[in-house]
Amino acid sequence: MNKPRVGIVMGSDSDLPAMEEAAKILKKMKIEYKISICSAHRSPQKAREYAQGAVGKGLEVIIAGAGGAAHLAGVIAAETAIPVIGVPLNTSSLNGLDALLSTVQMPGGVPVAAMAIGKTGARNAALFAAEILGIKYPEIRKRIEKHKKELARGVEEKDRELARKLKISPRKA
Amino acid sequence: MNKPRVGIVMGSDSDLPAMEEAAKILKKMKIEYKISICSAHRSPQKAREYAQGAVGKGLEVIIAGAGGAAHLAGVIAAETAIPVIGVPLNTSSLNGLDALLSTVQMPGGVPVAAMAIGKTGARNAALFAAEILGIKYPEIRKRIEKHKKELARGVEEKDRELARKLKISPRKA
Amino acid sequence: MNKPRVGIVMGSDSDLPAMEEAAKILKKMKIEYKISICSAHRSPQKAREYAQGAVGKGLEVIIAGAGGAAHLAGVIAAETAIPVIGVPLNTSSLNGLDALLSTVQMPGGVPVAAMAIGKTGARNAALFAAEILGIKYPEIRKRIEKHKKELARGVEEKDRELARKLKISPRKA
Amino acid sequence: MNKPRVGIVMGSDSDLPAMEEAAKILKKMKIEYKISICSAHRSPQKAREYAQGAVGKGLEVIIAGAGGAAHLAGVIAAETAIPVIGVPLNTSSLNGLDALLSTVQMPGGVPVAAMAIGKTGARNAALFAAEILGIKYPEIRKRIEKHKKELARGVEEKDRELARKLKISPRKA
Amino acid sequence: MNKPRVGIVMGSDSDLPAMEEAAKILKKMKIEYKISICSAHRSPQKAREYAQGAVGKGLEVIIAGAGGAAHLAGVIAAETAIPVIGVPLNTSSLNGLDALLSTVQMPGGVPVAAMAIGKTGARNAALFAAEILGIKYPEIRKRIEKHKKELARGVEEKDRELARKLKISPRKA
Amino acid sequence: MNKPRVGIVMGSDSDLPAMEEAAKILKKMKIEYKISICSAHRSPQKAREYAQGAVGKGLEVIIAGAGGAAHLAGVIAAETAIPVIGVPLNTSSLNGLDALLSTVQMPGGVPVAAMAIGKTGARNAALFAAEILGIKYPEIRKRIEKHKKELARGVEEKDRELARKLKISPRKA
Amino acid sequence: MNKPRVGIVMGSDSDLPAMEEAAKILKKMKIEYKISICSAHRSPQKAREYAQGAVGKGLEVIIAGAGGAAHLAGVIAAETAIPVIGVPLNTSSLNGLDALLSTVQMPGGVPVAAMAIGKTGARNAALFAAEILGIKYPEIRKRIEKHKKELARGVEEKDRELARKLKISPRKA
Amino acid sequence: MNKPRVGIVMGSDSDLPAMEEAAKILKKMKIEYKISICSAHRSPQKAREYAQGAVGKGLEVIIAGAGGAAHLAGVIAAETAIPVIGVPLNTSSLNGLDALLSTVQMPGGVPVAAMAIGKTGARNAALFAAEILGIKYPEIRKRIEKHKKELARGVEEKDRELARKLKISPRKA
């Protein structure tokens, strides 16, 4: 299992700090990925070839991050039959609202799965890619289930820590 | 292939006109589905049991539609490891912006894939579910590819029709 | 009067700086409280048990703070018959508008009392909890009345101070 | 138990269709109420006297509905120590967003509990008033608990009805 | 002067009622045009070929109208060096705000000239196309100048008409 | 007192239904006015001459109503030293938010007094004009004071009417 | 001319940095003013007395600045017949949009003249107060006219400065 | 080719850092330009003369940048028949949304071509001006075509760089 299954693509190298969050989660989930830069507007041919070649290269899910009039996810979704997850980035003065609406309000026929704006969305895009792969690869499903348990345990720990910090016994209420 | 693979769930029966659009697409894609009503707020236990029982019942993807403070998709995503697609519905005076933000701005760790607001989103949720299943079932992948070609052909036809209507030969420009 | 009457709950320990403001006001109002961390999405079972156990533990009001697609208050309100006050937190790029709409636009049947976004809302949540308790406990009602007089006096003092600073007699206009 | 415990107040008689929803719920909950018209801007003295006299008249909760620059709830909250619930109404071209922000963004020290925009909010305001009274009157608490069970049952019934309508057995998934 | 100089393109035939307004103005300005249907998402190849072939076919300006996540103008602008004017259409529940942001917030390097939302924008797109052509074709410049005078005259006439209607002499104030 | 003191100006005759509301109030306040049509964009010279000639013609206040990118009030305020009141009209798909921001967000140095969106704003513009004139003409001040009392009385009457309708004595609460 | 003619009032001393801008302009315009702190919510009686006493103390215009659910201007306008100018302040996470809507969307009958958000609005409030006073006091009118000429001259100077800086002769274009 | 063909105009010298971006691009495109300061509100006569004199001075396109209630582009478009490109600047607390709507929502008859908010928009305004000039001057068309190729190459390089940085061969996916 060495070939990338998930393609992470972004419109500009300035989007890397946000989109790296997706890479970290995929690494943790032991899912091979490949990060690329590819702009829907500045390099349309590259974007098209990326999307058209995705299945051939073994990609099963694509995560696309872009800001402003964020068309990248939509442009890729137009040219491939595999699931495309869009991460709206907060790169303009409008706090990512422009990127969110440009990503989520896709016309009937060509879906993009929109995540939250920014790093949180990038992280969740990777988890959602894992959930998608989980329907086919039982070992990935198991890792997600484990991850969900860790999340719950993490909250428990934070809660106990807080109780300690506040010198209030966690049994009190 | 008789057991439902996709669960369509909505907060209220008044959401049916929108969510039926998802059902129609799944039917067209020959994907078995089951529609349920289940409110995150009014019937939390039912929502929980729905989510926790999904994998056991053979569901592979869940589509959840809700309006206003649309928590249904998030509440279900919290309790299952299969992909959850959220459809924000336009049921309050805020044009679905409330439902969109409540659906898409999920915290890190628990992704929901947000679609466009309303019927368009319901249709795309079904197509996205098909794309997800397509990574596992080659026959579904083929149907999506066919669907994408039909979309392009449909545009071609509309364009020719318009040209006829405008009495302008399509070869003109 | 030693058992906590108000439960303060938040989705993450990063919400503590805002939610501590609620604790400070409750302390000032001599109302026992208990702070917990509990995520609607990452630890749904804990959130449910928290809500279902609230009455049994003697809680009379719950204050829930969360950001983004802020579902915590709604999820708790779904499982308890005591008043739930929601504090939308400003933790995403959308300035808390997402948290506000996710908190306030609850469907008919399951109310959440929304406060202002952020620390101001946390403070007011505590005061509102006190006002609720004030309908049952006359001594708390008295403290609120005193607090309201202090607020008015505080404004008077600030006004006089400003007049001094501006070297204008407060009697002038 | 004949004296009104809940005061419903609105800025104009054109707000009655929305605010009557609150009255219906209170009636169902067997809670005495009194509806009044009283504008923060057009009849400020009446608003003030209403708020200042509320406790004396035995009111324990006030529900105030207003649209546009909705100041009524805030103006009343400034003059009373009992809980004030604000219902933002959709009476201007801005879909109630103006009323929502004018109601919810109260400054520190003077809380108003904001509900959803419009009729849904009016209904929930009555339920929230019942929840508040429920901390003092066990019979009201019981009615809320019953109401919550009815909500869940209602969802169950709608779900079964839908299953029948779709000619799909509810046991299927 | 028979070959179309302006291409009007829209994502769907349901956009025709709005985009016909552009055609009417171009006709009035005696500028040859060609209307086409071509979706960035459903027929990406057609959109690309349209854009790449525009110069070769003699087009000098392109007007692209689309709603929702309106990518059409941007996708075309990515593939041609002639000016692209975008008309955001009001086809989703968000009043065209989504289409506006998707059209106007283009990344550096690939401009789209955004017009007002809807029919007004379609009309102005045609006028703006005329202004662009006016820098090359003096007869078109003259028609715009005439059009501007007509606009001013139209206002004068409306003002006089109103004065008559109100039985107030226009010389009064 | 026959010469108009207030100029009502609007961008288009389609704005008349809203702006007539201002005229009605002025008539009631016995303030002479003159209504004109004058577009900042389509008839800039007329707008300029209107503003520059206002003082000479005896106007003391100008009320300007416009929708969309509502520049009329600002353009007039730039050319006169008398107070200009702007009424944002709801003529585009954005519910008047565009007109509101275009009217109210004036740069430092050139104020416009913005009123509420639409008819309500037109009515209040007339009242505000009366308040301005009231600082100079005691008889107008008196009419405003009377008007304010009528408003309060009107609320009282509506309240009594409602009480009758609800068969609840107004003395009850 | 020693008695204050303009009252500047704000909800909190933290609003002073913005509202001082109004004071500076009034000083420049040689208009006597008085600054006060007075909260609609925390000191309602003081706000009421301020408004009711304004005319008696010789005030002719009131400028009220507040943030969040900015009710101060409206509360004052409800109790006085002199013009009230509202300055929405940017004190919450919503960038002043809440304060703007709470200030501008006043109900029919009780106008408030809204200015731009923040310091710019405070400056313009003072200028607008001067324009109002200018209809009564010719010397103030003259100062405004002079101020407008200075504004124009200021722009000319900045333009020449820029030309020098860019080493481009101002006669070039 | 020495006379400026593009006029860059802005409301204030504080807009220079954003609008200089337009100048840089024009320089790169070897298009002569002239930068001016000229406010629609503070120096209306200068703005008018600028617009009316533009054609006479040989200008073929005007780029106007302004923030807040950004009227500059509209005011200039009202007085000239050459294309006017508007750049909404982010100078108020509303993130440029006010400037965007004030620029783009022009009424029918007087178009302004709106660009993205801020520096990105300024850059694109210059490129769009070049595209407009490109329909008349083949050498400018060629430079745009070259620029588009450079953009694509730039993306390619960034992509390879990233691949190197990530120590992943660009041939991998």
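To keep things simple, chains are lettered A, B, C, D, E, F, G and H as they appear, and every chain counts its residues starting from 1.
By our rule, a residue touches a chain if its C-beta (ideal position, glycine included) is under 8 Å from a C-beta of that chain, and two chains touch if they have at least 3 such contacts.
These figures come from a predicted structure and were not determined experimentally.
*Asks:* Over half of the residue-numbered contact pairs in common: that is the test. Which of E-H, A-C or F-H passes it against A-H?
*Replies:* Copy of the A-H interface among the listed pairs: A-C.
*Asks:* Which pair wins on C-beta contacts, D-F or C-D?
*Replies:* Of D-F and C-D, it is C-D that has more C-beta pairs in contact.
*Asks:* When the C-alpha atoms of subunit B and subunit F are each averaged to a single point, how far apart are the two points in Å?
*Replies:* That gives a centre separation of 48 Å.
*Asks:* Could you put a whole-Å number on the gap between the CA centroids of subunit A and subunit E?
*Replies:* That pair's centroid distance is 36 Å.
*Asks:* So the centre of each chain is just the mean of its C-alpha atoms; given that, what is the distance between subunit B and subunit D in Å?
*Replies:* The separation of the two C-alpha centroids amounts to 34 Å.
*Asks:* Please report how many Å separate the Cα centroid of subunit A from that of subunit D, as a whole number.
*Replies:* Inter-chain centre distance comes to 40 Å.
*Asks:* Can you pull out the residues of subunit D that are in contact with at least two other chains?
*Replies:* Residues 12, 39, 42, 44, 68-69, 92, 94-95, 97, 104-107, 109-110, 116-117, 120, 151.
*Asks:* Could you please write down every pair of chains that are in touch?
*Replies:* A-B, A-C, A-E, A-H, B-C, B-D, B-E, C-D, C-G, D-F, D-G, E-F, E-H, F-G, F-H, G-H
*Asks:* State the interface residues of subunit G toward subunit F in the complex, per the touch definition above.
*Replies:* So the residues of subunit G touching subunit F come out as 60-61, 81-83, 85, 100, 104-111, 113-117, 119-120, 123-125, 127-128, 131-136, 141, 144-145, 147-148, 151.
*Asks:* Considering only the defined contacts, which subunit H positions touch subunit F in the complex?
*Replies:* 11-12, 39-42, 44, 48, 67-69, 71, 74-75, 77-79, 92, 94, 97-99, 101-107, 109-110
*Asks:* Of all residues in subunit F, which touch subunit D in the complex?
*Replies:* Subunit F residues touching subunit D: 90, 95-97, 116-118, 120, 151-152, 154-156, 158-159, 161-163, 166, 168, 172-173.
*Asks:* For a test of understanding, state which residues of subunit G touch subunit C in their complex under the given definition.
*Replies:* Going by the criterion above, the answer is residues 3-4, 7, 12-13, 16, 34-39, 42-46, 57-59, 68-69, 92-95.
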